[in-house]
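Dropping the structures in below, format is structure tokens.
Shared between the two complexes below is subunit A, which pairs with subunit B and subunit C, respectively.
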Partner chain A sequence: MRRLLPLSALMLICHTSLAATAYVSNEKDNTISVIDLATQTVTDTLEVGMRPRGLLLSHDNKLLYICASDSDRVQVMDLSNHSIIKELASGDDPEQFALHPNNKWLYISNEDDALVTVVDVDSNIVMAQIDVGVEPEGMAVSPDGKWAVNTSETTNMLHWIDTASNELVHNTLVDQRPRHVEFSNDSKRLWASAEIGGTVTIIDVDQREILKTMTFEIKGVHPDKIQPVGIKLTDDGRYAFVALGPANHIAVVDAKTWEILDYLLVGRRVWHMAFTPDQKTLISTNGVSGDVSLVDIDSLKVTKSIKVGRYPWGVVVTP
Partner chain B sequence: MKAYWYCLSGIFFREWLRFWQQRTRLLSALVRPLLWLIVFAAGFRAALGIAIIAPYDTYITYETYIVPGLACMILLFNGMQSSLSMVYDREMGSMRILLTSPQPRSFLLICKLMASASISIIQVYIFLAITWFYGVQPPLLGLLVALPALLMVALMLGAIGLLLSNGIRQLENFAGVMNFVIFPLFFLSSALYPLWKMQEASLWLYWICALNPFSYGVELVRYALYLQFNPLALIVCATTTVVCLSAAVLTFSPKRSALRRAPGK
Partner chain C sequence: MRTLIFLISLAFTSASYATTKTTTNLEVAIGYLAYQPAARPLLSNVIPEPTDTGLRGAELALVDNNSTGRFLKQHYSLSTDISASAETLLAAALEQHAAGTRLFVVNAPQSVLRQLATQLPDSLLFNAGSADDELRQAACLSNVLHTLPSDAMLTDALAQFMALRQWQRWLLIVGQAPEDIAYANALRRSAKRFGLKIIAEKTWDFSSDQRRSASAEMPLFTQSKEYDVVVVADKAGDFGEYLPYNTWLPRPVIGTQGLTPVGWHKTIETYGAAQLQKRFEKHADRWMNSVDFAAWIAVRSIASAVTKLGHVDPAAIRQLALSDQLPIDGFKGRKLSFRPWSGQLRQPIALVHPRSLVSTSPQEGYLHPHNEMDSLGFDKAETTCHLSDKAL
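Now for the complex of A and B:
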């Protein structure tokens, strides 16, 4: 028994690091899968609006915002009881969105209308609608709250919106079909993925200048299949993870030197990712294979894949 | 008891001595699976991943899939080579010296199996160490857990080989064993492709693979390497070993080849 104690303690530590809940939007099932990361099982499947894609947590982790694209609305779920408590005036076909650090202003890209809609989540009032390029998709707000950046898939541009005035002040041309943008924790760098271009562009935020355009190469995988989409940066500035879509791999990049360290094999058409709150595990949604993969950040190894619904798209994790 | 130990150590010593004198055997035993891993798997490289199948928790590359099968390939070739040495021993007469031992014949044969299994397992671990650096890295504890599974499979294949060697009259017939036993056992198993893939290709092939004891040997090792237990595989391997070994002991005749060749002389 005594011999078992250290083992039990070790298992407890391992479990504590994963004691979190993941919410995964299933695009084709109109549902959200709830995964208990301690047991690594799906514990619940919640019915939501049509074609749920982008997911977002309020900064206090109490509310879940869901882009129900085909229902043309953003739903707000109370995570204490999993009930939809509000629907926001999102504009048509919301796909991705970002919440301002003030926890109030929600920046939503409306794919069909070439607009970014800004909604006050408390009053549900549309504060602004900003014209951007054709097929807006990716959306991010800088951690310092100064910038909102939107990507337009067809115009191949990043649109810089000053959050103080909610006006478009600058555009940056990147490679074909920019899908997703992500700010570094210090708000100094912006990472943007280009799906068809097959590249990730790193931009200096102050100067709004391109510092580096990265390409990817995986032995045995045709270059056409390498289509970067989701990006996630660790808070400590160590790693960047890039989901490479139908290449079924996640690229691990040194966020300081921009050197590609490894490619991790996950499920089919890997799309978006999220960290657990302790940043020890990364979770990726794999659309075509209908599962999520868990990556251990310390060892950079894929440890488990868990079946969810059809075409999982977005993922968030609560403590 | 001491006499048994003396006999066991004598047989082990002879096998190890022979292995040491034929060091190129180690090289050839390693080159074969490594060629499969580096050349065949690279050409076949399913870089986009193989669907999740037990005992794996996530998607794996083809290289990762075939390593347990290639480890068992070493056991298979060695098991059969050991049976070749039985034919050789019979022809050269050294088997008769061994049988002058007062210990029961079944004990002698089991000792011989254990001795050649120990050599096979050393080769498998050298192979697994190389594949580790090649990038196929099962859990470290799995390498330890796989030891009894490897021993079980080595004994099973040795027992099959022993039974076969009783039926071989001359050394030259070993080429036939290669074509009619080793290759079918290896190719018609889950060593190179998962059984569901075989099922997609042909139901007949699938059933042959599913009835092949070598498939269960591969799966026993595969599961053990990934810290899981496959009871069906263990039952099949243990049963095959007991049946083949019993049949081998019952049919074993050291004079057989000499007697049969006598009229032709």
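Now for the complex of A and C:
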């Protein structure tokens, strides 16, 4: 039976272009699920530190960085052999992080300590610790490398850190419980989700001014259950995808007009998302249902769900 | 390594928020008033209750408010008065009022809260200590908001779950304290509301020590015609702790013991609750309970309102809270808000065991035209209290 499944899966989904591998952190299992996207099966489950949440890849896709929140460290995995080669001085309770375009500076939010820690990943030296609001969570570095932005969930702010000085230079008040921030490819726009506020705020980066605050509405779903978390923007500037948490849907937004185009039903409590390298498929982690959903971006259809570990949280994809 | 991080962090943080600190701070003074008489003797007195219940929650929220406040030029302070005498507490409240405080968090039974509300008519009080339904109904105090869930909310949360499980036949056992009788009233209302049947009712008036004789006395006491659950109203934990596993029929115990509806509990961990729990435990060196949470969210609600308004006028804070335009983040997976009619904070209710979260109400499928959380407690149509029509 085990042998048969991948074969039949292959036959069914041959239209998707996938020779990629997805890595999914399972918050309650202390593991990473490895998914072969060609066969759409879990091929391996790797043991990592406690409560793994945020994941990211080095820009050459060789290393996987893992926020092992309850182990109070960031682990570095060599993807060629799946071994942990290094543990970084992350500060306590790392949750999300972002890697500067220089592939060296890692900006980590320390949820319990109201800090952002900046670590040089080569030397493993803490370059700075920056005081931010209560429960820092979302973290993004602009593609041009100028800004690191952190969200604080209880303070309800975006904290703008100038990466040249590693100093906090500006704060933007947004709606309640900001969870995630994502820069547009051209570094001109910043998208921020507010989980309890139920909104996504789009900000002009140069002026640091709010351009738009979006709300979502799904027929048959109570507004309070619409809780935006993860955001992903396609490189071509066409779409924004917003994971709506316990609403169990992903919103598809026109990234230019900010019009909401569709809502896609995925698994329960959808957290975070990642694209395949060809940007033809979007993968979402669904915390409560313990699976990931695959979305075909051309047709905007959910094509498959794959069971992973307990409480999948973060996801990244390598070619 | 730790020292290095600390040193570096010191060097960097000293300059980091200088840019946002330009003018003087907005000062927000909050009073914490707690009535703490000597506890009455209880049969089940093995595990002592914490003596700083409530206060620790208010203190933690103050830390949260100030870490946010430094970016917004707000500074919060907390003056605490805890007394075993109602008179002393009232005097202390007036003293705080004379010093300019108009926002209070009160952890006191309903009688003391009513006196405080009368004495401080131009102030806004947050009730974090009394679940009494009368306060939210007939009393309808115009200057009080309630962050602790009412008895009716708790018992509705329990009854919804019972209806879902189809455990419909209740044997009700009630203690003799006034709060037990009030809780039993709430249970009767909930049973009726969700189509459950109280097949028999008994009042606990035994005087023997159950630690020695529970196994002998409770089975006889719970002898009755067929029931699905034993429902107990014993808020102080006088006898109810001895009911589970000692019932005549092999049935679960629910209510103030056994499966218990609560505003907060250690086992609540999703929706960021784990972070709040960690912060609280670091601060108080114990688990957070429902009254701690109610005091915490009261102080946090003040900060949410002050941030939105830009000032500390109690009438304006009250008006904003009652307008449905003040979303509160309570780590419960829902946007919380105050009911415009009763000033009660809407919130999901956890159904817990000592060491596990069994379920959370409102249960799936209990729909409501406005807000599913309003399926718990007295809804707008069930009340004569209309706070939003009244002035402070």
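Going forward, the second predicted complex is superposed on the first by the 303 of 319 C-alpha atoms of A that agree within 3 Å, B and C clash if a C-alpha of one lies under 4 Å from a C-alpha of the other, contacts with A are read in each partner's own complex, and residues count from 1 in each chain.
Assume contacts are C-beta pairs under 8 Å (C-beta built on N, C-alpha and C of every residue); 3 or more make two chains touch, one makes a residue touch a chain.
Given the structure is predicted, the values throughout are model-derived calculations rather than measurements.
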Checklist entry - Should A:220 be classified as contacting the first partner (subunit B), the second (subunit C), both, or neither? => result first
Item to check | Contacts of A:176 with subunit B and subunit C, given as first, second, both or neither | outcome: second
Item to check | First, second, both or neither for A:196, with subunit B first and subunit C second | outcome: second
Next on the checklist: For A:265, using the defined touch cut-off, is the partner it touches subunit B, subunit C, both, or neither? Pick first, second, both or neither.
Outcome noted: first
Checklist entry - In the superposed arrangement, does A:248 touch subunit B (first), subunit C (second), both or neither? => result first
Checklist entry - Touch check for A:131: first (subunit B), second (subunit C), both, or neither? => result second
Item to check | Broader residue contact with subunit A after superposition on the shared chain, subunit B or subunit C | outcome: C
Checklist entry - Taking the superposition as given, does A:85 touch the first partner, subunit B, the second, subunit C, both, or neither? => result neither
Checklist outcome for this item: Intersected contact list for subunit A, partners subunit B and subunit C 225
Next on the checklist: Help me check something: in the complex, which residues belonging to subunit C touch subunit A?
Outcome noted: 1, 4-5, 8-9, 12-13, 15-17, 19-20, 64, 67-68, 71-72, 272, 275, 278-279, 282, 304, 307, 327, 329, 333-335, 371-373
Checklist entry - Which residues of subunit A touch subunit C in the complex? => result 89, 91, 93, 111-112, 114-115, 117, 126-131, 133-135, 152-157, 166-171, 173, 175-177, 196-198, 222, 224-225, 227, 246
Checklist entry - What residues of subunit A sit close enough to touch subunit B in their complex? => result 218-221, 225, 247-248, 265-268, 289, 291, 293-294, 302-305
Checklist entry - Given the complex with subunit A, which residues does subunit B contribute to the contact? => result 45, 47-49, 51-52, 57-61
